[in-house]
Structures are given as C-alpha cells and as structure tokens.
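Below is one structure, written out as structure tokens; comments come after it.
Each chain carries a letter (A, B, C and D) given by its place in the written order, and its residues are counted from 1.
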Amino acid sequence: MEMVEKKKQPNYYFIWFLLLVLTVVEVGIAYLSGLPRSVLILVLVGLAIWKATLVAMYYMHLRFERLRVILLASAPLPLAVILVLAILLEYAR
Amino acid sequence: MDWLPGAASSYAAELDTIFWVILAVTGIVLVGVQVTLVYFLVKYRGREGRRASYVEGSTKAEVIWTVIPAVLIVGIAVASQRVWSQVKNPDRFPADALELNVEARQFAWSITYPGPDGELGTEDDFTRYNEMRVPVNRPVVFNMTSADVVHSFFVPAFRIKQDAVPGLNTRAWFEATEVGEYELACAELCGVAHGLMKGKVVVLPQDEFEGWLAGLGE
Amino acid sequence: MATVEAMAAPLAHGHHEEMSFVRKYIFSTDHKIIGIQFLFASLAFLALGGVLAIMLRWQLGFPGEAMPGVGVVAPKFYNALVTMHGTFMVFFAVMPLLVGVYANYLIPLKIGAPDMAFPRLNMLSFWIFVQSGIVMTASLFVEGGAPGAGWTAYAPLSAVPQYTGVSLGQQLWIISIVLFGASSLLGSVNYITTVINMRAPGMTLFRMPLSIWALFITAIIALLAVPILAAAVILLFFDQTLGTTFFLPADGGQPLLWQHLFWFFGHPEVYILILPAMGIISDVIANGSRKPVFGYHSMVLAIIAIAFLGWITWGHHMFQSGMNPLLGTSFMISTMAIAIPSAIKVFNWLGTMWRGNLRFHTPMLFAIGFVSLFTIGGLSGIFMASNSVDIFIHDTYFIVAHIHYVLFGGSLMAIFAAIYFWFPKMFGRMMNEAWGKIHFALTFIFYNLTFFPMHILGMGGHMRRIYDPTQYEFLQPYQPLNKFITISAILLFVAQLPLIANFFWSLFRGKKAEANPWRDNGLEWTVASPPPHGNFAVTPIVYRGPYEFSSPEVEEDYLPQDVPLNGEREVVGAGVGEE
Amino acid sequence: MNEAITLPGGVKAEPGMRIYNQKLGMWVFLASEVMFFTGLIGAYIILRFGASAWALPGVPLDEGGTPLNINLTAFNTFVLICSSVTMVKGFASIEQGDQKNLKRFLLATVLLGAAFVGIQVMEYIELAREGFLPHCSEELATVVPSCHLFGSTFYTMTGFHGAHVSIGVLCMVWVTVKAFRGGYTKESHGGVEVIGLYWHFVDLVWIILFTIVYLI
C-alpha cells in the first residue's frame, strides 16, 4: 500500500513522554487553588484537547492520512459543539 | 363554526393574522403546484411515437425557484418574530400586570392569587383549583411550574400555550379582551387522565374581579 | 444488454457451492436476501402499527363505545396505543422499510458492487433488529401495560413508573430502542463504507442515482444521530431503575435535557425518514417521465443542505417548553431555511415531468402522489416553523396532520412506489398493474379524507393525544368530523388489502419479469431478475449518469449506465475499492 | 492496487477513500462513538452547569471537596497512556515485519488494559464503601454538593468508558492470540491497525473524561 511507504515513523516514545508530562501538569494545576475557576477550566480543557489531539494525530495516524479521512474523523465534532452550546444557552439567561 | 376559535386576547388577532397570511402564501403555492402537476400529467401524458425532450435542467429556473421561496420565508419569519417576542420574551412582558402563580400536577391546575394586597408570597394569598379568574383588559402574568411531569397551559381562545416544567419557573402572559368563560386544557401528554385535565378561565369585569379578590375568592 | 467483458476482471466470488436453506434464506449474508428479510419484517410491523392506529382512531371517533372485537378503549390503553403506534411506525416500519430494505437491496446493485462491505455485520444488523422488534412487541403484553409516555417519551413522565403506572413496559421500550440503535449503527457503517469504497469503475459520486445519494446521506445522519438517542434512553433507563435523577428535578436533574437530547436525535430522524423517500421518488419520476432528472446537481446539494440544516433545527419542537426566547428565534430561522431546499426538490420534480413522455405505471402513480402530498406536508410545516403561529397550533391536530402528510403521504407513498418498482428485481415476477392502480386510487382518496380534515381540527385547537374530545365544549362541534376521520381511516386500512393480496399473489403467480421491465438505466437492471449471488458476473463499467432517458444519441428512450457508445472504449484497467 | 482509471470525457474513476474497508468502517464506527459519548458527556456538562454547587478537587472533603481519589486515577491514566504507546509500537513493529516485537507489545497492551480495568474496579469498590454511589448514601450527600447528580453522571460516564476498555481488552486478546499464531505479516496486518484505532480512541475519550470529571 502506498500510504505505508509515505508514512514517516513518528517518535512514539516522545509522544508518550509528552502525554505523561501534560498529565502531570494537569494534575498539578488542578490542585493549585490560586487560579480563578474560569482560567483553571480553560487551561485544563485546553491541555486535555492538546493531549487528545496528540493521540489522534500520531497514535491514530491522522496526520499521515488523506484529508478526506481527517474530514470523516472530525465530522461529528461540530455537532457535539452545537448540541452542548445550544443547550447551555438555555441556562445563560 | 369558525375556522379558528373566537379570539379573546390582546395578541390573538395579530397571531391570527400571521396564520392567515401564511395560509394565503402557502395556499397560493399549493394551488400553483397542484395545478401545474395536473396540467403536466395531462399535457405530457405518454403517447406512442412521441419522445420526451432531453432537458437536464435550467440554472435560471432553479435560481428563480430558490430565490422566491427564500424571500417568502424571510417575510414570514420577520412577521412571526414580532408576535413571538411579544408573547414569550419575559423582558417585554407588560409592566402593570396582575401576577399569579400556576402549579400544574396530575391532573389539575392550581392557581394562586395575590389576595387583597396584590402581592404574591404574602399571607393573604389564596389558591383555587381548575378555575382561573382574571380581570378583563388587564394583562395577567403567571409564573408556572409543575409538581410532577411536563404539562402545557393552553387556552385556545387566548392563543396562549406554555409548558409547565417541574423544577423550572416558566412565565407567560395574556390580556383577556372579552368577559366570559373560556376552556383551559393541558396540551402535553401528562399521563392517564391527560385528556381530562381541563379547567376554565373566567374573565370578569375589572371591578367585579377586584371585589372577588378582596373577598379572598368568596 | 451489452457488457464490456474484455475490460472487466471477473469478481472473486466463489460461493457457488449449494447452501442449505437456513444459510441461504435465514442466516444469509447476501444483501439482497437481507433486504427482503427486512421487507417482510417491517411490513409486518407496518400492519401492526396500522391496527393500533385504527384502535385509537375508534376511541376518538366513537368515544366510550365498545369497538367490535376489542371492547371499550380505556384511557391507559389509549395512551399505550398512541405511544406504540408512533414507535412502531417510526422505528419499525418507515425507517427499516426505507433504510433497512432499500439501502440494503439497492446500494450494492446500483453502484456495481458484489455485496456490502461487511456482509456478516449486515446479517447481524437484521437479527438485532428482529430482537429489538420482539422486545418492543413484548412490551405490549407485559404486566403493567405498554408504555404510555408517547413515542417521544418525555421525561419525567417516562422516567418515574408512578406517573404512568407502567414500569416494565417502559423499560422494555428503552431496551428495544438501544437494540434498535445497535442495528441501525451496524447498517450505517456498512452503507457508508460500501458507498465510499465499493463503487464500480466510472461510478463517480456525481454519477450515483439520487436514491443512492439520499441513502448515503441518510446513513451518515443515522450514524451520528442514533447514538445520541441511545445515550439519552440509557440515562432514562437509569432514572427508571437505579434511582438516578438525570431528568428529574429532584436533586438537580433537568427535565428539559431529555427534550434537547431527544430532539437533537429526533429532528435528524425526521430526515432519515424522508430523504430516502425523496431519492427513490427522483429515480421513479425520471423513469416514468422518460427524462433526465431536472437539475441533478442541485438535487444532490438540496439533500446535503437538508441533512445539514436538520442538525440545527431541533429546538422548533420545543418552542413552548419555556426555552430561551432568543433560541426560539434562531431555531425558527434555521427551520424556515429548510423550506428552501425542499421547495427546490418539489420544483425540480415538476421540471422533470415538464415536456416528458409520462408513463403512468403504478410506481409512477405513487411518485406523483408523493409530490402532491409532500407539497401539502411541506407547506404545512411552515406554520409550525413560524414560532408565533406555533404557540397556537403546537400539540394540536395541525401537527398530527403535518407529520402524517410527510410520513404517510411522503415516505409511505415512496415506499409503495419502491415496492412496486423493485418487486420484479427482488422476486423475478411482476406485480399486477391493474390492482396496483386500484391500490393507489383507494389509498390516495382515503388518505386525503383521513388526514386533510385534521388540519381543520388543529385550527379549531383540537389537542393531540387526548382521550375524549367530547369532554371539551369547544371541541364538541368537531365530533362529526372526528367520526368522519375515523371511518376514513378504517377505509384507508382496508384499502391496503389489494396491496397485500397483490404482493402475495404476484410472489407465486405473477408474470415472470425480464431483466429490465421498466426500461431503466440503473446497474441493477443489467442483471437477471432476481440477480444471482454476487450480483454481477463481471464488474460493470459505468460510462454516464443514471438518468440518460431520451438521449439524442441513441434510438431507444433509455441508455443504461454501463453501455459504451462509439468511441467509449479506451478504458484502461478495472476493479475498484478493495485495495 | 488499482491504477486510476480515466473514462471518456476525462472523468476519473473515483477509487474511494483509498483505505481498506475495515479501516474505513472503523473510522465510521468511531464517528458514531463520538456522538454516543457526546450524549453522555454533554448531559454531564449541562447538569453540572445547572447545579448550584459541585465537588471540587484540591479541597478537603468536608469543605465541598471531591470524593474521588485523583492520585489513583492519575496513575490509572498513566497506565492507559502506556498501553497506547505499546499498541502503536506493536503496529509499528509489524509494519516492519517484526513479529516478535508485535507479540511482546500486544501482550503488554493486553496486560496494561486489564490493569486499567482492574484499578477502576478497585476504585469503584472503594468509592462504594465510602457511600459514593449513583444514588449517594445519606451521610455523604450531606457533605458532597450535588452528590446524587455527581454519582450518577460519574458512574455512567466512567462505566461506559470502562465497558469500552473491557471490550477492547477482549478484542485485543483475540488479536494477540492471532499474532502468536503468526497471523500477521508485514503485508497483511489490518487487524492490528483496526483494533489499534479503537484502542487509541478509548484512550482519547479517557483523556477527556479524566480532565472534566476528576480535575475540573
């Protein structure tokens, strides 16, 4: 298969290490009571999305797939955002 | 028999107007489509030796019948929005309204009146079941909730419908414009006796209502 | 039929050994057999749903009078009828009839594939569907009665057994829906993979028939919408059994959360039920008009637009729920926007018939019926989309009329058209045309007599799902109309007997069908009726779109997709998909 | 491998996604799984926003702190991340035709996955002993804010995730057995890649869950 040839071998252990560091940072931040709640939530969610993206991009090889596979994989995400945001608007009154 | 029930609230007429406008617009489109359909069926019915025209489409025609519905839709939406925000937006509720509390439960409506002092949440509040008494020509705002399942407060003559949701305080208002008795129904399936969960709204002349309120509903 | 043998590699299908009856017809992995299995199963559920409808209509037309053979319908049983009629029709009749039957049967045949991408998952999908149907049917007979919270199962009514007096029934309903979701998921994965990966050479996306486009987009919607329903009913199940309070106001639960989750699934579900019908109708109308579909590309774009908009309109089911009024405005706008692609489709169907050479075979009659009735259903939707008019007509018979014009006048008409159209391909015999036309005429007449007056009831403020309309003074004048509707509904039910008789008679006695009885262009008509296992002896090569009727290039008024014209022979290589 | 096909009129035959059916099917399935977890996680987010107070990490239990054992679960997260790297290393090995390393890495993945489930079960038992259940004990409910809602959303989300991991482990055992029988080669190892996609997806979901359920 041509894709196999095209694919560079990412350094999987480095990604693993990065994930561990990010996890430690997350737990550390969660215990830090100094930050305001909103900042804390923003930072933690940001870190989680970063980690999730690393897994999807490297371990699931999305970075090395064609655009249409990436589109297929990310198709449900806007729907998830629409659902949650619209319902949250209900409580924003 | 009228098509729509007799209108007896301040915004009923405007809501009905939108209904009739939409009916006119969609009616014209409907008749147009059905007549065209029947005309085509007759005119282009299959005959031996005839051949259909090889036409794959027409961008011009398609643009036309995309734009026309779009314009009609925008018009309808703008017209609808006015009444919607008037009826449903709590920020635009009338100011000098009579406030009532309504609690729905399987299978009854309980209506709490402010009593002679005109204030809810005070000692002289009193509660009546399945009969809402309101003054004519004065807005009535009611805070609604439910003790069990979702119910829906529906007075056809007033064109008002608002769900009563347990754990939520939903607000609605109407202003009755004619003295009389109107039926109140539950419009949301709420259990075995849903179809029997009915009450009435009695619209009284203002002085009569004041007297009734002052007399603690006696 | 000309095939390009030299250029196509023979398919690697060695299933020529004799299979036992069980392997061949019961636990078959052949998409055609599975489609036929879905057909029989969901037609049975359609009949059951119809019987339930007649019973509830009886109570509305003749409140409190004993129905012959059934007796007086009690209020609790009435709610069960309302609930189960909706559930069976939506989940076990219309959806499987369109998606289970025709996605299964048509996708591989119409794109030139030997079978589905995952034949065994396909078989599993059917048998999970059967289990789901059995569980749902069982809920009718268990202690405590059948679920009575409506097919929308609004919490908290559905979440607390005391509120309806039903516990086991409601739980079985939930289990059945979860099974149904699993079946639908397996189907969707199969359809999407097959359409993307297994098209024959030359079958580009924009050469796919509109039926396949619609079924493909529908599979995507189902793939993404049904899991939301599964998640929601699982939470509901925990509320029912474990004492959690997801949807109960006690301890901080949110009753409206159920409505949001349900309709986030439920509105796309509406398009699952209508888009395949639109696609099938496009195929049939082009065939019956002997003309290319008018504006093929905009038809495809309209399907995609409807599918996309379907995700952002769910709130119009909740206008009166006490939602944020600003959300009400945005949901009105997105809902209204759907009218535009729907209008494009209707006008394009008319455009297809314009200057055609119409052949009124039974499928075409049902397709014309679809255009006529769907127009009414689509236009009546604008009343509900208008958030202010909806204040009055929400939860009235106006909605009931609308949904039946779309789901019966729309989807079911398309299903009837599809049954007549592909029956010869499925079973190798023609259905009787005369009886087909009688079936159409009776259905069309009694359909309108049943459902059109419901608009009038709705305008009068007649609430839906009420047990006894005569309890309300303002509804008493409408009682003769209610009686009229009930009688029409019974006649509409009886009008389906010609279909049943015709179906079974034709199955055994019908005229033998040739390969291409309707003189159509699709790949399924290039093989024998019924097609052999593995479908195509050689992989077909596709040279053009599916709607080349009355093309000036050939003498006949149709031009199959796989027939090369002069100069169309420079094809290099063959085979696709399975790399 | 097929050449691209040019048909008359210059239209190229579309060769599909150019990934094999099983892999495409898995991606399509995962899209559906995203929506399933959206339903569960979305319900949690909305219920939590609607709740008046919620148990927070980094605060003592009697001051409204979380009853969850964050350190233990952080370790469990570590275990799952490790299982992801062994999985992907296994896949990388068989891409090079290295069956020996494939077996080693797959075995490690199975063990780590099983360890994750085991630790989660231990966590459940411990929490249940403290009275933290889908419907909290009376005692705990007086300390932990929105305890019932927290309990029910917690067990639903982590429970369904745990079920996914368990199914993953079972499938992984099957793949591992096949690997030990020499069933995968440099040319044909689709099974490893497809199960790998599922496994990483489950890991990905856990990354999200760990953050929003335990840490926020």
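The rule is short, and it goes like this: a residue touches a chain if its C-beta (ideal position, glycine included) is under 8 Å from a C-beta of that chain, and two chains touch if they have at least 3 such contacts.
Worth saying up front: this structure is predicted, and the values here are computed from it rather than measured.
Chemist: By the contact definition above, name the pair with the higher C-beta contact count: C-D or A-C.
Modeler: By the number of C-beta pairs in contact, the winner is C-D.
Chemist: If you average the CA atoms of chain A and of chain B, how many Å lie between those two points?
Modeler: Each chain's C-alpha centroid was found; their separation is 45 Å.
Chemist: Roughly how many whole angstrom separate the Cα centroids of chain B and chain D?
Modeler: Their C-alpha centroids are separated by 47 Å.
Chemist: What whole-number Å value describes the gap between the mean CA coordinates of chain A and chain C?
Modeler: 37
Chemist: Among all residues of chain A, which ones touch two or more of the remaining chains?
Modeler: 1, 75-76, 79, 83, 87
Chemist: Would you please write down the residue numbers of chain D that are in contact with two or more other chains?
Modeler: Residues 1, 17-19, 28, 31-32, 35, 38, 42, 46, 50 of chain D each touch two or more of the other chains.
Chemist: Think of each chain as a node with edges to the chains it touches; is that a line, ring, star, complete or other?
Modeler: other
Chemist: Could you list each pair of chains that touch, in label order?
Modeler: Here the touching pairs of chains are A-C, A-D, B-C, C-D.
Chemist: Under the touch definition given earlier, write down the residues of chain A that touch chain D in their complex.
Modeler: It comes out as residues 1-4, 9, 12-13, 15-16, 19-20, 23-24, 26-27, 29-33, 40-41, 44-45, 47-48, 51-52, 55-56, 58-60, 65-66, 68-69, 72-73, 75-77, 79-80, 83-84, 87-88, 91.
Chemist: Which of the residues in chain C come into contact with chain B in the complex?
Modeler: So the residues of chain C touching chain B come out as 75-76, 78-79, 82, 148-150, 154, 156-157, 160, 163-165, 248-250, 253-256, 289-292, 294-298, 320-322, 325, 328-329, 332-333, 336-337, 339-340, 343-344, 346-348, 350-351, 353-360, 368, 371-372, 375-376, 379-380, 382-383, 386-389, 391-392, 394-396, 456, 459-461, 463, 465-469, 471-474, 477, 549-552, 557.
Chemist: Give every residue of chain C touching chain A within the complex, in rising order.
Modeler: 220, 224, 228, 256-257, 260, 264, 311-312, 315, 323-324, 326-327, 579
Chemist: Mind listing the chain C positions that touch chain D in their complex?
Modeler: Touching chain D from chain C are residues 117-118, 185, 188-190, 192-193, 196-199, 201-205, 223-228, 230-232, 234-235, 238, 242-246, 251-254, 257, 260-261, 541-543, 564, 567-568, 570-579.
Chemist: So in the complex, which bits of chain D are touching chain A?
Modeler: Residue list for chain D touching chain A: 1, 17-19, 27-28, 30-32, 34-35, 38, 42, 45-46, 49-50, 57-59, 70-71, 74, 77-78, 81-82, 84-85, 87-89, 92, 95, 196-197, 200-201, 203-204, 207-208, 210-212, 214-216.
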